[in-house]
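There are structures below to look over.
Across the two complexes that follow, subunit A remains constant while its partner is subunit B and subsequently subunit C.
== the complex of A and B ==
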């Protein structure tokens, strides 16, 4: 009797949880559609091509920054080398086009090769604890970009190369990829879908096991989970997101160079993620937007942008561990608490 | 061939001096100083400027002293206050510092490459098995050996050295035994950064000076530190000699793959021993 009732209670609880989760997914779906639709009037209302282009670049950098922020949030691992995957993806798109092959093939390669590479590298480097992982991602990023720099025959060396997009992509006029208005809408939609996908991953069973490994790897292993392969897979997922950013950037610029792989770009993506905040998935996007527009506003001190960004990084790391998005949420929750007159968590 | 091995030894010696500074800092503070490469670069420029007025050796001494003071300040201002905030916080702050220092060097000395001449009596060549070889590279090896011996004697024979060794094995236990690790680390972090300054000055005649010269050395020395087993002095020594050789042979025989070979070697070793050559089984 008691056993049965306990079982019933369990199922009831589980059903309630499933229902709550479905409701959350539904509301997220609504946010998803609103977020995608909302950018359309913005894209058409902003008249300045310069601002539109800046926004598009910020969105694409936001994808790369999200790949870094996601890894910190999900796995607790700080990568200094995700531009290596971003740049590899860029070359995967550009090289087939240069050789006269099709664009969809290039995009497919770009979405498969870098994550596969990341998975294999991940199997080795995720075993190494904490800081050493970060040091190695930096070394890997640097080695891959050196490799691209030296393979002049393939990559065009330091100068890189530009290429022409085909006239149509899956029946659409390909020029939409290079007009700021349409590309802003397109890359924003991709970014929103990426965020949605990552949030689904975080809430999936697999994602929660990865989070458990982040909290205590030894205990997770003790319970019986394979921790190395799961952390490597999460690293590969992060590389996959970085690759999406690389594909978007390459399509928009129709140009690649080894600079897309350089550690300074990886570092910038990490800075965006930290400034934006890593407790929330969309924090990195806020960081990317902040970095792009702050640089534009900086004007005269723009010459010393690197030092300025270094100072901002230090200030945020020490004084604002939740980043801008964390601060935004704090203000929002304080506001709603005032409004409702009771203590919201 | 012998000449090539000696070349590799010179680069390995240089890497050792940089990497052992990282290991010293890690031992006391359990953090990795991402600004170490920028301090190396700064040391090179300080040596360069002073050598104009007072010669190479004065440049070396001033750079060591200046970088040592800077390191102690770094410990007082950054590592100390942030010691309870998780190692990643310090990594990010030192990364920010690296960006600032690089910009600073660029503002003062410009982006262009600058050349530093070795001191006159070390600038010739010497014949080794029929090949002529720059004397200066032998001097680099000698200086790295002096650093290595000096550190070994300091750590084995002195009381402070004992504290440093103890702290690199178990910092909490050492503090509990009554060692003031905060005061000790001001000294040790200063020592670590002064070694990066020393490395910068002696590397300057081999590499050309530029604000970004530190990043390559930093990355190679990271490989050394991880390969040797993070926090291990003997591991760093072994790994530096190994990476110096591998790097140099790679540059000669397969230049297009030279950047990847040290990394590939390291991956193989880490698959075999995840905690590095001299690391304890984690």
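== the complex of A and C ==
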């Protein structure tokens, strides 16, 4: 047996795998287009502005929850502090507008400053494993929240401040950002693109290495990888996604306050990610939608909606380790097997 | 070649290595033996960058790597396996070897899989394979990129006698073909005496002696300190 013949055999396998990956990317591209287009009739069929607004807020919360779920899935790290990046992005949009500067500048700052901050913090805190990392993210989040609270001259303190959007944004009437119908379509499109981007990242060489680091950091070092910078970059990517959520929320609400940075928002995003499931990228979105509508429903029947969410969290943690998305995939898989079984001669 | 000069490593008040010097010339398979607690694994850890040395110097192919991290030493041409299987349990065998290949200029994934008989199980999740296969994956991760120096910490641990002998013979053949310098820690004396060109004996964190397998087998001080009737 020569090495060459064996090598050729293995290379053939890898070429087939690469081809399969390309096909998967193409099919995901098709799904992406369908997913974006599919929301348009929904947005126009729903007549209630209240429901549309709830859906828009759920989608924006889905972006924040995705940032948390992605970090768990990719890096194995649980963060209690992503609202800090969401909120920082919100202030990055709002403060320049308050000062009479342009919206694109604010959006650019919002998408650069929080991830850069996360990367620098990450270079220090990702070295600390497990629950201690989570506590550090909580501490950082609260520190930034306190900062926003105390700097009244800049942030308006606890009251926050509202601002007016310019009349046009990149040539478009800016009011589309505040109408529930158009904002639902826009936010949903952004969310779908975020999921697609994260999916590409997960399957990229870099993403696969980060997943290997999550699996066994020591071994990753001994096959030649600098692990800290990669984990910090993944933390920064998670913060970038949270920042996108912060930008969308601020544009939609035209208002910002320290509540956007509070740990309770980070906690809610984590609950959404866990309920939705973190094994699949879109799991957190399902969790966000579920929690938002459960919250609305529970709010209608009583004051203790947190208790209802708490019970749901316990049920999911104990009964559905893969979250709702994991259960959905299991049901789909069983249905598919059943269908194939019936179809067989 | 790999060299360690005057290496000292302490765990609190206990000196695991005391002024140890070792030099393994290019292409040689060097055995490292000694009783439990002699400092064998600590020496491998210090040489590979897993543990910091309190004093002393490490060089690979004449290049001082003392200040380099484990990953930098890997890129400098050093591969290592572990006493306890240290793999990516939830990744497929092919996937983790491919990832290991990203950091080296010559990613000989197929060659390594063929050499270690892993092609048939390439698409299996590593953690769901037998212990013997997992040991081979551990070794394969170290062999990707044809390292210049290979540090093996009990590669045959937990394998049956027949598997140990087969692995050690294959290993000897492979590293001679690839001209890899090897430092191997092994408790199985049959493996050590059958594959090593020379052997270094550690005792209480110091080098007791060094020589050919025949010299070590008949050395009275080695017999007294370690081998006993095993030789």
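Quick note on the criterion: the second predicted complex is superposed on the first by the 333 of 345 C-alpha atoms of A that agree within 3 Å, B and C clash if a C-alpha of one lies under 4 Å from a C-alpha of the other, contacts with A are read in each partner's own complex, and residues count from 1 in each chain.
Here, a residue touches a chain if its C-beta (ideal position, glycine included) is under 8 Å from a C-beta of that chain, and two chains touch if they have at least 3 such contacts.
Predicted model, so just to flag it, every value in this text is computed and none were measured.
With the two structures aligned on subunit A, subunit B fits next to subunit C without clashing. In the superposed model, A:226 makes contact with subunit C only, not with subunit B. Of the two partner chains placed by superposition, only subunit B is touched by A:130; subunit C is not. Contact with subunit B, but none with subunit C, is seen for A:309 once the two complexes are overlaid on the shared chain. The larger set of touched subunit A residues comes from B, when the choice is between subunit B and subunit C. By the touch criterion stated above, A:317 is placed in contact with subunit B alone, subunit C being left untouched.
Judged by the touch definition given at the top, the superposed model places A:33 against neither subunit B nor subunit C. In the superposed pair of complexes, A:78 makes contact with subunit B only, with no contact to subunit C. Contact with subunit B, but none with subunit C, is seen for A:143 once the two complexes are overlaid on the shared chain. Superposition on chain A places subunit B within reach of subunit C only down to 10 Å, the least C-alpha distance between them.
No residue of subunit A lies in contact with both subunit B in one complex and subunit C in the other. The part of subunit C that touches subunit A in the complex is made up of residues 48, 50, 69-71, 74-75, 79-80, 86-91, 94-96, 98-100, 102-104, 108-111, 113-115, 119, 122, 141-142, 144. By the touch criterion stated above, subunit A contacts subunit C in their complex at residues 1, 3, 6-11, 13-14, 205, 208-209, 211-212, 215-216, 218-219, 221-227. Those residues of subunit B lying in contact with subunit A across their complex are 31-32, 82, 87-89, 91-93, 95-100, 102-104, 106-107, 215-216, 219, 222-223, 225-226, 230, 255-260, 262-263, 266-267, 270-271, 274-275, 282. The touching residues of subunit A, counted against subunit B in their complex, run 78, 80, 121, 124-125, 127-132, 134-136, 138-140, 142-144, 146-147, 150-151, 263, 267, 270, 274, 304, 306-307, 309-314, 317-318, 321.
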